[in-house]
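Across the two complexes that follow, chain A remains constant while its partner is chain B and subsequently chain C.
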Partner chain A sequence: MTSRRIRIDVPALTRVEGEGSLRLEVRQDQLIELGLSIFEPPRYFEKFLEGREAEEVVDIVARICGICPVAYQISALNALESMSRQMASPWVRSMRRAFYCGEWLQSHALHIHLLALPDFLGFENAIAMAERHPNMVKRGLKLQGLGNALVRLFGGRSVHPVGARLGGFHHAPAPDEVTALADRLKAAQQDAGDLTRFCASLPLPDDPQTFICVALHHPDRYAIESGEIRTSTGLNLSANQFEQHFHETHKPDSTALWSDLDGQPYLTGPLARLNINHPQLPDFLLTRLGEIGLELPSCNMFHSLIARALEIELVLHEAIQLLNDYTYPKSPYTALPLEPGIGYGMSEAPRGLLWHRYELDEKGLIRAARIVPPTSQNQARIEADLHHSLTTMGLDNGEDVLKLRAEQVIRNYDPCISCSTHFLTLKKVET
Partner chain B sequence: MTRPRVAVHKFSSCDGCQLAFLNLGETLLQLNEQVDILHFLEAGMNDASADVDIAFVEGSLSTPDELTRIRQVRANSRYLVSIGACATSGGLQALRNLDGNHDEWRDAIYARPEFIRTLKEVRPIAAEVRVDLELWGCPVSSTQILAAIRALLFGVAPVDDRDRVCLECKRQQAVCVMVTQGIPCMGPVTRTGCGALCPRFGRDCYGCYSPSETAQTATLARRFSGLGLLPDAIARRFWLINSQAPPFLQTGRVFHRSAASDPDD
Partner chain C sequence: MSVCPTPEQQHMIIGIGSPFGDDRAGWEVIERLQRMKLPPCVRLLSLDRPGVELIERMQGHAQVTLIDAMHDRNHPPGTLLALQPSQLAHLNLCSSHAFGLAQTLALALRLNRLPARLHLIGIGVTPPSTFCPDEHISPEVEAAIETLARQLMDECQTAIGSSSCTSITDVGSR
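So, the complex of A and B:
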């Protein structure tokens, strides 16, 4: 056997949100070193939230992530509003779900078409892919645009929307705007179904792995904007129990922290959600599962692509229902007085569980904040997956083949590196 | 004729301003027929050192590496356009400059602070290199981006609209939230460009498009005081997304100090 040594350096990963790099070293067909580095500079959101009023939090945390600002706003509102004796109105709760559906739709459509599909169809990027597959790319951009339109309906703009507030929304959309958008969403359902079939028809690698799934679960509906944690290991946890089981550590080569569930890596995101909550899918999607032959739970990470497509169909369906039932409210919010203390809240960002904790003082100012974003939760899982996938595929493969597979594996998690980096509080060790 | 060459670079940011490109829909494909996008990591183009006609830069400078990178981008680009609040004023994360306690924050968050290499202060792009055009906003809109590309390609000076949100509000016939509801709105001192989004939604503008021309921040702060805001709360109005823009920095400082000397504790 000849001695072979390759070193693969991907100094800047493309088609992910934010910036990270990958380092691999193979010596005599053994994986000697593997490191996913996140080197986004920290922005210290948790620190400058301190001393801010509770009302200001939604506009600040939106800026953690340009791709999933709604997720940050809703997790923060869930945490802060838990410190009130009253609840937001049923109208507000429904409309927050509709608002959030818009974010899933735009984020998933962007991920599938602009970030993931070029890998599977053999293009460097979606723009090059559009020259050969114009209709497919246009279909994706249209779905993404509809998601943005839904976020705009409630938020005024799709990036850092301005509509959400404590107790509800600043503004209720006019009924004719709602009806017009509902009609456009209905017209896109056929496209969304075609997208799922298309994703399922791709020759995705078949590489089963064992991993723990973590997702929110809600007794009445597929969890998006609210729910309790459920794990494939059988745990059921509320937001205030999160810290008893999930821990973060800091590794030298990253500015993002790593999370574990009682010492184990775990998966959060579309496939974890689908694995845990698939019995709650509407009937037409249960039929779709049969049609495309997807058996759940799935332990093939490449099914994340199909999971996103199915969730696009789901949120279109959900948003149409919610908008069909739309009534113009007397007031788009309820004033919710908050009491001092600690509030915990979470929701399912497009790429997974997003947990917040705020401590509020007697003056209504934030005393401490802690935010755990999905990508830092997935980091340990991504590394475990890379180890497994590359070894299974065969380390004797060429450098380009290994590099492409490694990038595909990483993109399956739709990592949002910008938002994974910027919070993360560890207890300060006093010496 | 070769098409103009474009690059999109990211520094410390949330990725939101790059979405002004990625959210263009089919226009993104049309844009690609008119320009050659050589570097844009999130979209899959990776040629950071390419010579380009226009470089769009998102994000602020917060590490020594970023200083090196921005000098290279400047050297490779005919026009350098900073997009968004982070690139033009430092953005929300520049709030850490105000306290001057970066090291303490870093040590509180990271168990191994020796591996975190950051600058003590977050800086806008223009603090390090010459910037040809600044597009303000948190986030910038697709319209701003397309208008800038058009103007630069035609070789005309892009329109720099520094009007107030207030004037846009009147044009849109939105009801003034400050006059009718006593809400402390930043519209009178904030640059237009958003379409008066917040007042049209019945809420206060919070200054995400940066100071307007001749921003009367001291006058507005006195008005806020008349509405019942305490000095600390007034300082927070000015010290948010564009805390480092001089008029906001200055007025915030006046009220922050006066809050600190308040004997109410």
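So, the complex of A and C:
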């Protein structure tokens, strides 16, 4: 009898904000065991936040993730500001969307070019791919750099930005800086269109699956910085109803919490967003969908790559519109007195729904905090996908083939353990 | 009166770090240099785990010095080492959060985007055991930060006599 054990083992390293492993055991071409384990650090941050002033939260949560700090900031601000009788100004709400567009742009560009494309072009990693396809990698760096520049415009810096505050921003950018960046974004639109066409032309595996999609939906626009939860099962939920349907549980082999929607795994992230909100895409992207032949909703998880490319085009377009309409404000923020109680808030991080809850006491201090990040929400779905994908592909395939497919499946979700190198260690055990 | 040099004439010194204990070493060097009187051709920058964005931030500068914390069993905390990019172990960092310095420099090399003169200085640290933002810098690393800042200052001032900031030589080890 032959048993094969496949192991993904990502060791804990300085500056790695995620840690994960996958245990996969195949005996006589039957899947005996499959266990995905991802460790995420936000749980520590929830404790760090207790006893802090509400004003401090936005800077602390920016530290949770090096790739999506804006998402953590905006979800926290949405939650905290829900405890005020006043709202942030229309200028602030528009500029927060522009700020967030920068994060989607940099995160998606990084994922596509440095993490995902080597899989589909047959390279071990982005460094190897750069030798044969330098212009493609340069395009990725250019788009990512523009996203970073947009985050810097409002946040002061691109990693762990410090510009956001309760009620708005600490500073408003100068109009000439805004115009200059808008011009650079316009100049990148051709690149972004080419990227979508290129991603759609790749021979992506065709492996339809059944899964539940969860995304924010906004009545007026493609939801990014605000909206209500909409599910493909027909639910419409506000942030304070999240806990009635979404539950987190511990699994024995994981330090992270696993989420379910009324007991079922679900998908959050670019493909879920596109499946739910595609009718709200601007006209040129609806035309693009026809041009590339992408029918939505899609139940092929490999279309996540195309979804990210389309969302790059979307946020470039959105950011250009918002920056074109830019006016220098009288004040970049409104003082928003908060009342004690519980505030709920959410937004669409590049990787998916990011939900926050804060309990504020009479002194304006955080009594309790709860953060549900997208990666933990997707864990059950990733595991279900691995079961389906590897079994459908055929467990009699060679170890390298199984290994690569498992990596590709995980990468579709761009989790924090998403890897630019091929990270599976395969061990074949004869018994 | 000093003339503001073009980016090509500038010597960019970049401190890379994170808020976690000894990993702040690169930032601390930059903070000390900011308090010193440096020639106008020197530009200082602190970056928090920049990943591939580092390639963009180095662009246009003919000379770049990168300072980063390093962990190696053979070099105790407080060691200062001048390294070549090729000496950086290609650690198998597998997160999009961790497109680390070694991979970033390797990518820049492949894309022909490394600065003409690149100097890499590692400060030996003990890796943080937990994500604790308030963790203090160890005395060994604190001393190394001070030594390196003074050495960089001396090197930059020595270079004033020439038309540009000349390369910084091996800072040696403590």
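By our rule, the second predicted complex is superposed on the first by the 394 of 431 C-alpha atoms of A that agree within 3 Å, B and C clash if a C-alpha of one lies under 4 Å from a C-alpha of the other, contacts with A are read in each partner's own complex, and residues count from 1 in each chain.
In the analysis below, contacts are C-beta pairs under 8 Å (C-beta built on N, C-alpha and C of every residue); 3 or more make two chains touch, one makes a residue touch a chain.
Bear in mind that the values here come from a model prediction, so they are computed numbers and not experimental data.
Visitor: Which holds for A:387: it touches chain B only (first), chain C only (second), both, or neither?
Guide: A:387 contacts neither chain B nor chain C.
Visitor: Per the contact definition in the header, classify A:414: touching chain B only (first), chain C only (second), both, or neither.
Guide: After superposing on A, A:414 lies in contact with chain C but is clear of chain B.
Visitor: Name the contact category of A:110: first (chain B only), second (chain C only), both, or neither.
Guide: both
Visitor: Check whether A:44 is in contact with chain B, with chain C, with both or with neither, and answer first, second, both or neither.
Guide: In the superposition, A:44 touches chain B and chain C alike.
Visitor: Mind working out whether A:59 is in touch with chain B, chain C, both or neither, as first, second, both or neither?
Guide: first
Visitor: More residues of chain A in touch with chain C or with chain B?
Guide: B
Visitor: Could you say whether A:93 touches chain B, chain C, both of them, or neither, answering first, second, both or neither?
Guide: Neither: A:93 stays clear of chain B and chain C.
Visitor: Of the two partner chains, chain B (first) and chain C (second), which one does A:197 touch, if any: first, second, both, or neither?
Guide: A:197 sits against neither chain B nor chain C.
Visitor: Just to be sure I follow: which residues of chain A are touched by chain B in one complex and then by chain C in the other one?
Guide: Residues common to the chain A contacts of chain C and of chain B are 13-18, 41, 44, 48, 63, 65-67, 110, 114-115, 125-127, 130, 134, 137-138, 141, 144-145, 148, 157-160, 416, 418-419, 423, listed in rising order.
Visitor: Would you mind writing out the residues of chain A in touch with chain C in their complex?
Guide: That would be residues 10-11, 13-18, 41, 44, 48, 63, 65-67, 110-111, 114-115, 125-127, 130-131, 134, 137-138, 141, 144-145, 148, 157-160, 414, 416-421, 423 of chain A.
Visitor: For a test of understanding, state which residues of chain C touch chain A in their complex under the given definition.
Guide: So the residues of chain C touching chain A come out as 18-20, 23, 47-53, 55-56, 69, 71, 91-100, 103, 106-107, 110-112, 127-128, 130-131, 133.
Visitor: Touching chain B in the complex: which residues of chain A?
Guide: Counting only chain A, the residues touching chain B are 12-19, 40-48, 52-53, 56, 59-60, 63-67, 69, 106, 110, 114-115, 118, 124-127, 130, 134, 137-138, 141-142, 144-145, 148, 156-160, 162-163, 165, 170-171, 249-253, 255, 416, 418-419, 422-426, 428-429.
Visitor: In the complex of these two chains, what residues of chain B are touching chain A?
Guide: Against chain A, the touching part of chain B is residues 10, 12-20, 22-23, 25-26, 28-29, 32, 37, 41-46, 48, 62-63, 66, 91-93, 95-96, 102, 105-112, 115-116, 118, 138-139, 141, 194, 197-198, 200-203, 206, 208, 233, 236, 240-241.
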